[in-house]
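Read the structure below first, then the notes.
Chains here go by letter, A, B, C and D, matching the order in which they are written, and residues are numbered from 1 within each.
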């Protein structure tokens, strides 16, 4: 394992430390327990927004703490959800007196830890609403699974709900818009090569030369199937087709197209995927109104990408365009 | 054999830490196969923290030791296993009440409370290929013996068999469920760690070594 | 070779195509010859800013085209400088009637091609000033080399000169501030693992397990020396020390600290490097006033990073903070 | 042997394309060792484009063919080699003037003009481990023969020797100079491609095949 790290067990703390130093104008890093809060603390009268999950997906979530997005982020160990005793103080730090929304990616670990934390928060008199993100169409949503996973669509939920909260919308309204994004966003990813979890020291999975995993999760969990490597255009179609079919995209629909890198793939390749995805959407008569291309929800240095489509309406577009000032997403301010 | 008293509870938790550190790689490998490869690290980190807490202040009752373990696991393990084992130890602590020794029925009550806590949180049913598949036969096996140590021994053996029996199952809960039928042919890591935890309880019961001696 | 590409020889064109589609609000992509210009064309009365070079360093340079930064970018083939017949129309597109600055990384190929293009521009009556960026302290600047290479510091030159140009400074003034940045910026990088040039199909160099290249260039050119892998803190020191010594950083100096990823290293690791670099600067009494952390000048999917320090004064800080609206760098607007 | 006329110039450029496509990998490897690994790709791309241009419109003079090559190389090769070879062919074209056949002194004049163009652009001196180390001995060797073909043959052989002689040198120009003494022990890719280009001129001179037949 070759990594720019010191002690494999100190990776998260040292990295968050560096993040706090580099973005001291935006965030405050709290230790014991570890969480990242917006500089200056909770905004009174504003609905608080908290997200979190295992580390290794940077810039998710700490990179999205700031004006117009999250009030606090809770980083767990690499690929392991954080614990209730981290989530509780993060929620306190985000509470402006009118309630907090927890944005939780749908993994058993995250769900259980946020659930426990929410109980503790309620006991303290902080009203918590939990919005589960489950955009990954690679996993069947049935009684026989833990349900769909939350992947890159999470960034869109955080951005849009964050904008609504920043503009002073009520707890009900912020929760509702977050749920609306969840209802209208779908994703699917693939991997060309695995990443390596520092404390494990070996790649998360093995792929033969010329073999890829379609439907990969952001923790290197296996996906739908292993197939041979194909040209980017064909691979893009394997990702986009289930996404738009599940979402039921029709001619005339306005969408946001988001091509996300898994961390180890060059930006130039993501644009090749974007190009084909945009063509395929155009072929279906959909109108790409907004775009996002880059490494926004990663899986360490995994090579691969995911394609996310969000069906837009005027409300979602307005919140998407609203100013945001975070380490990883910034415009209008 | 020693009594199942507060000193035993302390030794049990330390033995868990020792065994799970030893089995760290194995549990990582099991979790890599059908999950995300962190179960061994999570359990090792959690029980290491439990021992650190025990070293800070010796618990003077079974209930206190189990509660300390519950709170520590909850705040250090993370993932699915953290809240599940945390709830299990918390419910077990409540079931232990102010008993200073455990007999067979008490062991059964304690394990049943733990199992019920896991089910309440995780909503898994037997056969879903989770740790519930180790806890459920363990509770059942603990029902017969009057003697506490014998109940533990029966429970540990049943948990081991239960863990082995997860191999042909299709996972329906947790991360492994994403794999669908590709989860067949692998042991569930949480069921295996459960069998180690229950076996540790037996080892602690047979051990003459004082609590402070094992780290 | 596993890559999200179609034809290895079409990588640059397809990628720039996708870039143009994703950022149609910011840029226009021109074909035959290929270059990327700011949407809406040259701003009359504004000094034009053009940069370019081999592809494979994305988001450099096309990602920096837009308000407050470049007017045009010229992508060559992967790791190969563009040709004069691309640079000429890009310069025309950037010309607002008051001259154009070419920002050129100091490589023989880039220098020769931009030089030829500049002659052609002058013949057309466009006044061109060329600013060579040569921030890489890994290479000795002597009569016996082609001089120092231009690496990640280029982004800072483009941002700061771009801000000055946007505010209507004269050709002399824009050239002067670009030169001031060049005079005050130094960088050094390292690689843990190579990238693969698509049309080559094999990694650019070989490193043993446990071996790294210190002083690597952004084309995988060999650096100062190969050493064993060390903890991130030690490696950061190997990069930062020559940078600050060459720059002559003293106690009380205000600096911008920039940790750049080479494309295949997780953001979390870059923050670990940032953390140590910030500590080392603090130990020397320098004051880190501004920061930048991320993949801004990459080398395909190479794993590694570089550390750049820019000595700031009030003028440079003002231009750095000025609004910028490009695909890869955006704030204040 | 055929005359060194416009048809020969056409065949020369096509032979360059054929040889450089064949040597693409080899030149990539030489450039990977002490540069950035693109020289073979750059030269292949450039001469492929030259052939495409020749196919569009046959040049009816030596000067026209060389100028077409110059402009095409300049706009397709990129890197250091593009402007250098572009300048070389442009100066050679000027030196060819309105000659419709080349004798020995004309060959020498043409090669000297090319070399001087490269030096003017790149400022390398002999011994700097660049393509100049192939061109310089080539120009010198071409001075003796009165006959054009013999001059080319002498030039090509001298360029080959010159290219081989770059091996022990320390690079002082171009990308390889960053390596300092680590560049010792490797051939300079541009010197090698120069030797192929000059050898191609000889092959074209010996070839009976009409221009259209070689692609």
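One rule holds in what follows: contacts are C-beta pairs under 8 Å (C-beta built on N, C-alpha and C of every residue); 3 or more make two chains touch, one makes a residue touch a chain.
Predicted model only: the values in this text are computed from it and were never measured.
Asks: Over the chains that touch one another, what is the least number of steps taking chain A to chain D?
Replies: Tracing touching chains, the least step count from chain A to chain D comes to 2.
Asks: With centres defined as the mean of C-alpha atoms, identify the chain lying farthest from chain B.
Replies: Greatest centre separation from chain B goes to chain D.
Asks: What's the distance between the Cα centroids of chain C and chain D, rounded to whole Å?
Replies: 32
Asks: Please tell me the distance, in whole Å, between the geometric centres of chain A and chain C computed from their C-alpha atoms.
Replies: The computed centroid separation for chain A versus chain C comes out at 29 Å.
Asks: Could you work out how far the Cα centre of chain B sits from that of chain D, in whole Å?
Replies: The mean C-alpha positions of chain B and chain D differ by 76 Å.
Asks: Drawing the touching chains as a network, do you get a line, a ring, a star, a complete graph or other?
Replies: Contact map by chain: line.
Asks: Quick one: which chain pairs are touching?
Replies: Every pair of chains in contact is listed here: A-B, A-C, C-D.
Asks: Applying the document's contact rule, which stretches of chain C touch chain D when the two form their complex?
Replies: 33, 54, 76-86, 107-109, 112-113, 115-116, 138-140, 143-146, 149, 197, 199-200, 204-205, 217, 219-223
Asks: Quick one: in the complex, what on chain D touches chain C?
Replies: It is residues 28, 32, 35-38, 41-42, 45, 74-84, 86, 121-122, 170, 172-175, 177-180, 182 of chain D that touch chain C.
Asks: Considering the complex alone, what residue numbers of chain C touch chain A?
Replies: Going through chain C, the ones touching chain A are 2-7, 11-12, 14-19, 21-23, 55-56, 58-59, 63, 192-193, 195, 209-210, 212, 229, 231-233, 235, 257, 259, 263-276, 278, 288, 291, 293, 295, 298, 300-301, 303-305, 325, 330-333.
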